[in-house]
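We just call them A, B and C in the order they show up, numbering each chain from 1.
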Amino acid sequence: MEWLNPYHLQVASFVLINAILGVSIYVTLSTGQLSLGNAGFMSIGAYTAALLSTQHQLPIPVGILAGSLLAGAAGILVGIPSLRLSGVYLAIATLGFGEVLRAILINWESLTGGAVGIPAIPQMGRVILVWARDRGFTPESLGLQSNQFISLTVFLILLLGTLLTVAFFLRLSRSRVGRAYAAIRLDESAAAAAGIPITYYKVLAFSQGALLSGFAGALFAHSTSFVSPGDFTYHRAVEILVFAVFGGSEHIFGPVFGAAFLTVVPESLRAISEYRYILYGILLVLIMVFRPQGVIDPALLRRFRRPGKGTPA
Amino acid sequence: MSGLLSLRNIGKSFGGLSALSGISFDVEPGEIVGVIGPNGAGKTTLFNVVTAIYPSTAGEVVFDGEQIGGLPPHTITKRGISRTFQNIRLFSSMTVEENVMVGRHCRTGSGVWRGVLRTRGERREEQGIRGKTRELLDLVGLSGSDRGGAAGSLPYGHQRRLEIARALAAEPRLLLLDEPVAGMNDVETQEVFGLIKRVQSLGVTILLIEHDMSLVMKACDRLVVFNFGRKIAEGTPAVIRDDPQVIEAYLGAAGGTADA
Amino acid sequence: MFLEQLINGITLGSIYAIVALGYTLVFGVLDIINMAHGEIFMIGAFVSMLLVSKAGAPLPVAFLGAIVVTAAMGLLLERFALRPLRGRPGASHLASLISTIGVSILLENVAHKIFGSGNHLFETPFAEIRFTIGPVTVYLVQVVILLISLLLMVGLSLWLSRTRAGKALRAAAESLETAGLLGVDTNRMITATVVIASAMGGVAGVLVGMAFNYINNQIGLSMGLKGLAIIIFGGMGSVYGAMAGGLILGLSETFVVAYGSSGYRDAIAFVAIIVILLIKPQGLFGQAPAEAKR
């Protein structure tokens, strides 16, 4: 299988991690809240997973679980004080939180390795390859070279993670909790008057987003094998924002599309890649002015489902 | 003594401005009490205080024997007070049905996991929610063909009825209606009158703000009259109609009959 | 030594105060946070740096250049990234926030493309001149910064309280709708507010260049974040809050660096946010939230 190009698989893997990150900011946006700290929560997941596997030799799944849960808990801690007030406070507070976290990551060298970061994190694909080899399996038996096998394995694991994430939140959006989220987003006061506990659901959505970011971070650590504070800057937080805002902030397929499109296009058009962030900035303004709901919105999806019938309202 | 709702010396100021002062009256179970008065008299402010959109600056709100002053809005709804809004606050991009389903929130309990895993209990609960929603939409007279459409695309009169259905979904014991027939013609107003009476017959107590005097006189058991944030009269419609203070309040504020 | 640190702190604090005032003005009138404010400040710094260090122009010209360019940026920002979003129903607060984030990213990276990521020298002509009063050494630069900041703050306060335009702005800050009904041209008021706030950011940019002798394209981000921290701490929309908050932050940072660990200097601002959100969420001089905009 020579067509299985590890480079393509790597890009696809980044698409998947970015998709999870996009969904993480989408979840909080679905209650009308903007979190700019998801790079920070991502770093919590990444560093937790990295430290647990390198310093304490714990198995990869443990690190991923712990990283996600820790990030979610941090989400609760950050969310509760900030959510008592308007959404702007949350955006700024989360932004600040991300920066504080990064300052800690850089300065607490004994724990985090400082600006240099943590190298040699067990890579998911390689660990599985070794495990398989120990049982007598060789990638050649599938017609694959080692590096193809490794990239493919990582891709499949990430694919599973992404599919589970999307399925989970798609189901959630159609349930009682999903209706509560949507009501809060549309009109907080009316939602409260209708009997929905606003703060509870806002904190819930926020910590879910934080948990997802942590999950993506842990996966990131075990895919790239190396984390440093430079992976979790404000630029990362903005990038995540653009995935959801550009891709579509009213349906879960939006951030997935946004992540895919904005990860693949700069890879294929090298010339654009240099001006990536400039384009992000322009995109954000253009989307807000001309199509605030993003590219993928419920109306567009309805048109795909029943091409003949008109769209209701 | 005290009825279902007891307002005791309620005052509300915004900065230096006094919007309500010394408001005291009771609402007995099963009654329809009308709150009337010129624009700006503080009627909606009173509703906002009762439903905890903001706290009162003086006095107590007692519901079913308990002080509800410091509670958050959703808890007050759960206790049994629902409301509609003067300027209609529907979830416009949600469907008609979804709006009412949202109203069921505080009477149901499926959380994240039950919702995602679609457990048997959750599916039963959802069926129950849909059933109750259909009932309520029938009650307020919103036909089947409207129900899948976006709430914001309904004609005005239907939107007001939808808001009432949403408020009823929470199974309130006390329903606060803020100008439910504003902007409606005589036919629609008559329909809403019928609806209000049907709701009363289901055992719901109603507190009603309205300017439409014909509706108010027909529907209400008692009236409370506001002017400049104070209660100036209270009594049956017949008594209120002839009260000189009330007449003066309305004439003083440029004429009293139905104006939106 | 302590006194000199005090002067450092006040100097830094007054620059912070001016940046914070820019945020607070816009928030007061438009009810939004202009996330591009920090980058506009950065542009002011770069414009003045180019004029002073590359073109050898005198300092007043640098100020003028910075003010003109940043005011123009404010104008463009308002016209293209903010105005189209007004009057639209829906989650408008988030929309302006996101739109201005877009502008900030754009500006930051354009500056990166043009100027690179390194430090650029900012040579204030009289940088070496200092006075010694007893045990204390004060630099002329610090005095100038303090004077200009003071002038700006006092000028703004007077303008807001005494002039017709200033009062109109305060009225617009209280309630845009009412002000409009009373005859204030709200569009012009909004544009003026953004322009003034941006120009103040530009002035602050020059002052930062003077204070630190070098600038880079990251100062927009860090100053922007600190400005936000200050207005949350001092109370969004409160002029006194911005001034007090700026001063407090400047002093805190200076003393933490002087007597503690310099690595965490930038984190102080955010610790302040966390503390104030827990104790008095509306900020030192802010008004109680629930009643504010009903």
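Throughout what follows, contacts are C-beta pairs under 8 Å (C-beta built on N, C-alpha and C of every residue); 3 or more make two chains touch, one makes a residue touch a chain.
None of the values given here were measured: they were computed from a predicted structure.
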item	value
Label of the chain whose CA centroid is most distant from the centroid of subunit C	B
By mean Cα position, the chain sitting nearest the middle	A
Between subunit A and subunit C, centroid-to-centroid distance (C-alpha), Å	32
Where subunit A and subunit B are represented by their mean Cα positions, the distance between them in whole Å	43
CA centroid of subunit B to CA centroid of subunit C, Å	46
Residues of subunit B whose C-beta touches two or more other chains	53
Subunit A-facing residues of subunit C, complex	32-33, 80-81, 84-85, 88, 90-91, 93-99, 101-110, 113, 221, 225, 228-229, 232, 236, 261, 263-264, 266-267, 269-271, 273-274, 277-278, 281-282, 289
Subunit B residues touching subunit A - in the complex, by the definition given at the top	51, 53, 72-75, 77-78, 82-83, 85, 89-94, 98, 101-103, 105-108, 110-112, 114-118, 122, 125-126, 129, 148-150, 152-153, 166-167, 169-170
Touching residues on subunit A, where the partner in the complex is subunit C	32, 34, 36, 81-82, 84-89, 91-93, 95-97, 99-100, 103-104, 106-107, 185, 234, 238, 241, 245, 275, 277-278, 280-285, 288-289, 292
Sites on subunit A touched by subunit B in the complex	168, 171-172, 175-180, 182-183, 186-187, 189-198, 204, 312-313
